[in-house]
């Protein structure tokens, strides 16, 4: 700043200079550093609370130990890790195709008003608290599925394919399959929204280029829209997986809470979040408490891992775009 | 390949996509139908005025209700919002208005990390930070946990709303000789007001439906309490307890509570949506 | 072709002796949802194996007209097209005529190069053929070489046909798009300002290519640059506010335009 400008600034009324800018910047930096600190504090605090468990069982052995018995003070996270991954991936497998179908249907085929109605409905589905979905499933969906679906299948399997029956397990009202289906319902809105964004980013000229070659609508979608959007859709599916891994209430209410491996399809199971909800309030033994915290710590690590993979996919996506 | 085959495939795909769309959309209406059908009969004057009390109270047919949960939800959520607002908006301003600051990319990374965190972990953190250090479960601990949930959502929406506010606005302000803080506070934020409010409402609705963090922090209370330093009831956490309880009368109360929670969340959500629509209309017009 | 009935203006009459009529529009109008006309009552002829350039100030409807020649407007729900557009005497807007077939016969190259970024150079060229179920490798190989040669790109890419189409330079990408359009052997090729996003060298390449291509295919090109129209075209049509003002042999139009409006435009009176 030259001397001329400086004197001009000095000539401004007091309100126009002053320390305002610096103070404001400090305030903003202060507020946002608290948020940055929060992420770190979460990791550190949960780790500190979990440390007795890591000391007692070791970082790795805690992960691979299959027994979770608070009475005998043996704690292993493997059942919950298996439960979390199995339910999440299965729910994702159930949800991904319908979700992408909704995104394609609304952005490519449906007339504007219908697309608006569907999008609104899906967003609404995302807004329903998972505890309400859980309540509905406890009283309506779970008993219905047990009586109308699992029981007949199990009885049939028992009679004609015993090996299948052991895999299915005796049907209980609250079980892994019901939990997974409801979990799929909970993550579908996210997958829809993220796929919709990815499809929305496909430039008009990509579609027109395909039209101009004499393609039908489906061929335009298949040949131009999906290939262009696929990285974005993949990132969306990954983010939905992160959602599924962390979804707590619906599973805590529906999965039946069995800490004992092996889990069966129609039998009760548990996931990392469902364990936290179901045992935290009863964890009076210090080691029980710290083991629940340790499960939370690993859930934290898994979530971070998926976030990192997702941002990697997204970065690749932007680099790919840059080439075009 | 014959053109007819190609058209046939086109139609088949349309039918398949439409069918899958129905599969996704229909459960929503089923859930809402059941909640309304089962919950409506539970809503009476007692529901809004009586405490829940012990199970015996319901079993003996004495009047019970969820007034404690409704009051508690409002108190906990509003306290959480009050805590989350300055941090959320401040961080959003940081990420959008001070993007040249070395801190901005770190803030962005952490906000997106927090956004992906399961709320139950916010609950564990709030438990270790607040409950353990204050000597017990409390409504305030629940507010802290919910504030953790709200902050990253508010920060992210604030950032994206501010980013789409025209740069010309800032340039106009700066060229008048206004300092940066004044440009931000008196020009940029007011211009982005509607979008920020929408983001805040969405964050509020999301947090209001969360049960997991509250189960670990505010614990629940069968009796009416206005004291944020004591255990406090809230609708999401109460719905969970009612649903897994063995009492028929409590299940009915649960359905009633589900209607109220659903209405609360959807109403917040709807107001947010309408605000967005109005914002878009204004930007077009 | 000689059996077409032209209602008011006999557009075919403006073609030079020896040139045959390939496409013709009669009273073609395009209306937007707002009620505004994109083009209004355009009756025009396109000569076989010739280059017809469409010029005019921006917003005059030249692109709108071009896109109505292969029914690209069908894709926008709030655009209505009235009138007729004939290709070899068949009305492209007849109720039993399918837009997919129309676009197969009338190819298009866009303003911005639009290679499919996830597909290889080879697959980009094949895209149209694969749609109709041509999957035999020998046939595809042959079509790819023929089209890339036709688009004067073969020598530059023959050793890297498997690399993504997006890895080429802008000018190469545009020639790739031309090759992609040529692969399905269209009868007419529409070009919507094909050089507007290219540098001068790439532009010269494309202009040369247009010269070579008119041996095999009828070309209609929109250009915002009247010098380009003068360089590449045999016929030039001047559009102004949605109407066709004049269609003449290019030389004739640039030397002594019939209409006063055309003269004003060509002399830079308005732009």
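To keep things simple, chains are lettered A, B and C as they appear, and every chain counts its residues starting from 1.
Everything that follows uses one rule, which is that contacts are C-beta pairs under 8 Å (C-beta built on N, C-alpha and C of every residue); 3 or more make two chains touch, one makes a residue touch a chain.
Every value quoted in this text rests on a predicted model; they were computed, and no experiment measured them.
Across the structure, the highest number of inter-chain C-beta contacts is found for A-B. Chain centroids computed from C-alpha atoms place A closest to the centre of all protein C-alpha atoms shown. Inter-chain spacing, taken between the CA centroids of chain B and chain C, is 53 Å. Centre to centre, using the average C-alpha position, chain A and chain B are separated by 16 Å. Here the CA centre of chain A is 49 Å from the CA centre of chain C. Shown for chain C are the residues in touch with two or more other chains, namely 100-101, 131-132. Of all residues in chain B, those touching 2 or more other chains are 6-7, listed in ascending order. Along chain A, residues 216, 219 each make contact with two or more other chains.
For chain A in complex with chain B, the touching residues are 12, 16-18, 20-21, 23-25, 27-36, 38-42, 45-46, 48-49, 97-99, 101-102, 104-106, 109, 118, 120-125, 127-136, 138-140, 185, 188, 192, 216-219, 221, 239, 242, 245-249, 252-253, 273, 276-277, 280-281, 293, 296, 299-300, 303-304, 306-307, 311.
Within the complex formed with chain B, the residues of chain C that make contact are 98, 100-101, 131-133. Residues of chain A touching chain C in their complex: 111-112, 203, 205-216, 219, 223-224, 227-228, 230, 320-321, 323-324. Across the complex, chain B meets chain C through its residues 1, 3, 6-7.
Of all residues in chain B, those touching chain A in their complex are 6-7, 9-10, 13-14, 16-18, 20-21, 23-25, 27-28, 30-31, 34-35, 38, 86-88, 90-91, 93-95, 97-98, 101, 103, 106-107, 110-114, 116-122, 124-125, 127-129, 148, 151-152, 155, 177-182, 184-185, 205-206, 208-212, 215-216, 219, 236, 239-240, 243-244, 251, 254-255, 258, 261-262, 265-266, 269, 273.
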